[in-house]
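In the two complexes that follow, subunit A is the common piece, with subunit B as its partner first and subunit C second.
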Partner chain A sequence: MLRYLVYRVVYAIPILLGVALVCFALVHISPGDPLISVLPADASVELQQRLLVIYGFDRSYPEQFILWLGRALSGDLGTSIASGRPVATEVFRAVGNTLLLAAVATVIGFFLGCLFGFVAGYFSNSWVDKAASTLAVLGVSVPHYWLGMVLVIIFSAQLGWLPATGAGPGGSGQWKWDWVHFQFLILPAVTMSVIPMGIVARTVRALVADILAQDFVTGLRAKGLGDLGVFFHVVKNAAPTALAVMGLQLGYLLGGSILIETVFSWPGTGMLLNTAIFQRDLPLLQGTILVLALFFVFLNLLVDVVQTALDPRIQRS
Partner chain B sequence: MKTTRTFAAALVAGTALTFAALPSDAAAEKVLTVGMTAADIPRTLGQPDQGFEGNRFTGIPIYDSLTQWDLSVADGPSVLIPGVATSWAVDPDDTTKWIFELRDGVTFHDGSPFNAEAVVWNVEKVLDEEAPHFDASQVGVTASRMPTLRSARVIDEMTVELTTSEPDAFLPLNLTNLFMASPSHWQAKYDETGDAESAWTAFAADPSGSGPFRVTSFTPRERLELEANPDYWDEKRIPQIDRVVLIPMPEANARTAALLSGQVDWIEAPSPDAIPQIESRGFVIHANAQPHVWPWQLSFLEDSPWQDIRVRHAANLCINRGELQAFLGGLMAIPVGTVGPDHPWWGDPEFQISYDPDTARELMEEAGYSAENPVRVKVQTSASGSGQMQPIPMNEYVQQSLRDCYFDVELDVLEWNTLFTNWRRGADDPTADGAHAINVSFAAMDPFFAMVRFTSTSTFPPVSNNWGYFGNDEFDALIADARTSFDDAERDAALARLHKRIVEEAPFVWIAHDVGPRAMSPRVENVVQPRSWFIDIATMTLAD
Partner chain C sequence: MADPYLRLDQLEVTFTGGRSPVRAVNGVDLTVDSGETVALIGESGSGKSVTLRAILRLNPEKKTRIGGKVTVGGRDVMGLGNKALAQFRGGEVAMIFQEPLLALDPVYTLGDQITEAIRRHEPISKADARKRALSLFERVRIPSPERRLDTYPHEMSGGMRQRAMIALALACNPKVLLADEPTTALDATVQIQILLLLRELQREFGLSIIFVTHDLGAAVEVADRIAVMYAGRIVEEGSARDIIHTPRHPYTIGLLKSRAHGAMTKGRRLDAIAGSPPDLADLPKGCAFAARCTLATDPCRQTQPELIQTETGTRARCLRTDQTLTRPGELVGA
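Coming up: the complex of A and B.
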């Protein structure tokens, strides 16, 4: 197990370097002026040149990349051009907010996905299966930003039951686990959960139907095991795959949904990326993408390890 | 059954308690919550970013400037008035030097006095790279708005001299963009942090200006809280509202939902589609013609059909702006030039912009065009963007209108930042891709941005935004005259002569002026929406 862990960690290093390179390249080849957020279009050419030098954009791309990577390795992701604040502070604050949202969305998505999946798998080809599968397909198919807007219109604008936007009455910095704050999470978390819910439900349904058709289940029943006992065996067999799928979904959710976070003005990584893109804030964009990529790689690693621990049949070298 | 009833009762009770716990407005404190269009809080360290929305929310409320716009009038143009300078005059012996007399008794929020040294310090923060408090991040948004300012010098405690690179009568107008931050507060931050960059970061989190509001709490990207400054020097602008909360909400539907659900009291730029619903729920839409021009800026390159003044006039006469206004739900003003007839810079041009398709067709026929032989023009625009209003439907409307006058318009839609960057590169740059006009809206607050940069031969690309290379000796002389007319009335008269000739020569097709719509709760009272990009929060009140 330790050997496997070391192998996976070492394997992650070139991936991270590749991610850093691709992220730097993509950000720099995109059109637009990197100083647009601090330099109006009507600024003089002299002023433009002066700021290019001050911000280091007059250097060659390889030079800029090496300088950025060197600083990033020491934990300094630079300073946001637009806000003047350290990128690391900006990114980690946003990651915390997205983590909160993603965790709640994951719980909702995983719980409902498993529920619908098990029900559909157990009652395969019945009307229950069709109803549960329809919900799952809807979850995957409905554009979540549209769903978010609809939920806001119904529950905020029309009924006034839940707040439409934000991360608490005093902002995310004053977050508390009470109803006054938690209600700000409900609409974005529910909106964010529908895709993982649909994916998990479809996966679990297929798994359960497949497991139930296997000989060992017949054997268990023949040995007189009750429905509950069989159910636990089915759960144990379905869990590794369901966890792997959910782990990947959590990775996507941690990336933050640009659309959902923008619709709900949720100050997470999605909204940060959105702002960085529109402001052409290259240090912020690079820093955010790098941190998210790190998270994704780490999560994949974690899921692989948990999966291996849960299912001894999975042998990797 | 009993269990079911108990559960139901518990559910009802729980729900009732839940909704009783929903946030409600504090009874005593008057708090105004604003949903801005910005995706982040505009910078708070003195020189805001995010265009004029920044000046509106983190400039004018927190800081003072030497000169300021009069935001107390809704039915006339917003004109220049004294700020923390009480008077100013150019040195008659050297017209590159201006003397500003400063206002007594002004203090910054940290209690330190405002004086000539503070003005010099605030000029140095963006212009003197050797100054310990020089901040590159503030240079772009400041220096570009006062391109001729070079330095400042203390004459005495309350008198300061500003020097320009050339005689420039526009300087007092430009100085509305230079906000006075507290030097002593910055120094305290510097003493705590030990370096200038960290000091500015700390200053931005806990700023000190001398404006009618002071910052009490700042959560980056989420909210900025201001409280009234009861010691503000201008008694008319001592705020009656206790606190103002500014929240970035870049998504128009989110802003509308936040307003309708009572989460905020005021939203900027509601979507035109949402306005009937907003009004039906009792909210108030405030709008007024802004110095915000939404035109086609024309190319004067050799192959451009706009070289012919008859074609330029025809296009200006062929757009039914009233219909376009109705199409936008009334949220535009009909332009008759860059400024309107009641503006000091109007100048009464001989060419009158109106809807007159018959005359337009006559002009086009004189120029050799017809329905069978239309003139082909290509226009670059964007799908969205700051200040661009509704660029696609508006341009498509203009495209259809001009078809009646023998124009065959091709729209070339670009991403906003790309279009904005192209604007500086000119009509002859490959990025223009053969376009004969560009649709970039602009602010017309001061003469340089409203007129000079589009009509001077010294502002051809890449120096500034004269994208279409319009200009000649006559216009250069008119501009020089305006720049060297140091008496306010004379300067305005010179600018009126410039504006008159601009309208007559028509280097633009003037299509719309934005009206800066904002929606507010009826609780917000004493709202004056001036003909400006700005609005004064200090004079507003909140009903109980």
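Coming up: the complex of A and C.
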């Protein structure tokens, strides 16, 4: 197991390098001048040149990449062009907010997804199954920014129960664990949980129905196991695949949703990306994408390891 | 004489899940004494596995209608409550399956699956249950049993898996073993080993065995008695010897003729039974085999034949047994 772990971690290094390269390239091949937002419209050529040198945009791309990568490895992601603050600070504050939102959405989505999935799988083709499956399909197909707006209209505008936007009273953005702040979390978290809920529900339903139709379930009953005993076996058999799907979903959630965070003005990575793109803030954009990509790599690694620990059929080589 | 240990009275199993009800088993009477081995043979869809599963009530309850009576050890199986049924399954009657790779849970070690079964039936510690699992593995002659307890089903060969499955079935000292084509998925040399093992264990534990197969050779190897099933009914029944040497039902005779035994002469056609089994959702009024039978007459198609005692020892469900006497050695090469 330890050897497998080391192997997987070493294996992740070239992936990380590739990710860094793609991040860098993506930002640089996109059209537009990064300095346009900071330069006054009537800026002189000399000023333009000086800024280019300050930000390092005058060097060749490979040079820029190596410099950027070297600094990134030491934790310095550069300085935001728009705000002048270190990118790392900006990104990590946003990451904190996104994690909070993602964690709550994950708990809601996975719990409901597993619940619906198990019920539908156990009673497959009954009306319970059809109701749960319909809900799951709706969850996957409803555009979530639309759902977010509808929820805002109902619960904020009409009923006035919950705040519509922001992460705290007065747009402070400083999170505290109390009811006043938590209220701001409810609508975006619920909106965000709908997609993983639907996907997890459909996956778990298919898994459970498939497992229950297998011979070994008859075998388990034949040796005297009751419904609860069989249930544990079903859970353990469904777990590896379900976890893989959940890990991927968790990755998406942690990446933050540009649309949802924008609809609810939630100060997370999604909104940061949105801002960075519109302001052509290259260092901020690069840094944010890199941090998000690292999240994905790390999560995939984690899921792989957990999956291997759970399913003996996956080769540990 | 004491009552037989296991008794099926007019067992009927109908699957109601589909558009029209499928009558998989239509009135099976069968008795098995303590320590006796009975083989149920027939082609796919003849109802033999369904009969076996009905004894443990393993057919999906919502989609199955069961009629008739199943009595094991003096108890009515259909009347057992949930708790008694769980105790009965595995504790009194255990089952082994055709393909152990599919019938064992792939993500639990074999040792865990056996100890789970033991602890389900008896209040003993994990360590003691494991000791018993180890001795069971030794008993079914799995090499390096200690290590094998911690392996998963996919890490073993087919023969070893079937041995492990037998060990699992015997874990709670059942009185009856239901074997659902236990050798079909194995290759020929391993088949013989498993059959010999079953016979040995049967003697040692005094097990009653119902052995379902479509392989007459395997049936003869292990069974005291053979019952031949066709379209959910037992069409002929008798001692293994009598069934092989002097069968009287045209279907049994056809089965025996269609075996490629010994050295077949080159160029000789294999005698196969023409036609295919009837649709179980739409059974004919008379004898179900009549449509494929060369001896069938109008009465055969009109009435359901009763099981009658023939003078050569077997009991056959046929009206034309006067026409079915075969010469000694005609069917089974001397």
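Just so it is clear, the second predicted complex is superposed on the first by the 306 of 317 C-alpha atoms of A that agree within 3 Å, B and C clash if a C-alpha of one lies under 4 Å from a C-alpha of the other, contacts with A are read in each partner's own complex, and residues count from 1 in each chain.
Everything below uses one rule, namely that a residue touches a chain if its C-beta (ideal position, glycine included) is under 8 Å from a C-beta of that chain, and two chains touch if they have at least 3 such contacts.
Since the model is a prediction, treat every value here as computed from it, not as a measurement.
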item	value
Superposed partners subunit B and subunit C on subunit A - clash or fit	fit
Which of subunit B and subunit C A:220 touches, first, second, both or neither	second
First (subunit B), second (subunit C), both or neither touched by A:124	neither
Contacts of A:236 with subunit B and subunit C, given as first, second, both or neither	second
First (subunit B), second (subunit C), both or neither touched by A:64	neither
Partner touching more residues of subunit A, whether subunit B or subunit C	B
Subunit B versus subunit C as contact partner of A:265, first or second or both or neither	first
Contacts of A:183 with subunit B and subunit C, given as first, second, both or neither	first
Contacts of A:300 with subunit B and subunit C, given as first, second, both or neither	neither
After fitting on chain A: smallest Cα gap, subunit B-subunit C, Å	30
Shared subunit A surface residues [contacts with subunit B and with subunit C]	none
Subunit B residues within the subunit A interface of the complex	18-19, 21-23, 35, 39-40, 43, 45, 49, 51, 136-137, 139-141, 143-145, 147, 197, 200-201, 204, 219-223, 247-251, 253-254, 256-258, 260-263, 415, 417-418, 420-421, 423-424, 449, 453, 462-465
Residues of subunit C touching subunit A in the complex	53, 56, 58, 82, 86-91, 94-95, 97, 99, 102-109, 116-117, 120-121, 152, 154-155, 168-169, 171-172
Subunit B contact footprint on subunit A (complex, rising order)	31-33, 35-45, 47, 50-51, 54-55, 79, 81-86, 90, 93-94, 149, 152-153, 156-158, 160-161, 163-167, 169-173, 179-180, 183, 262-265, 267, 271-272, 274-275, 278-280
Subunit C contact footprint on subunit A (complex, rising order)	214-216, 218-226, 229, 233, 236-237, 240, 310-313
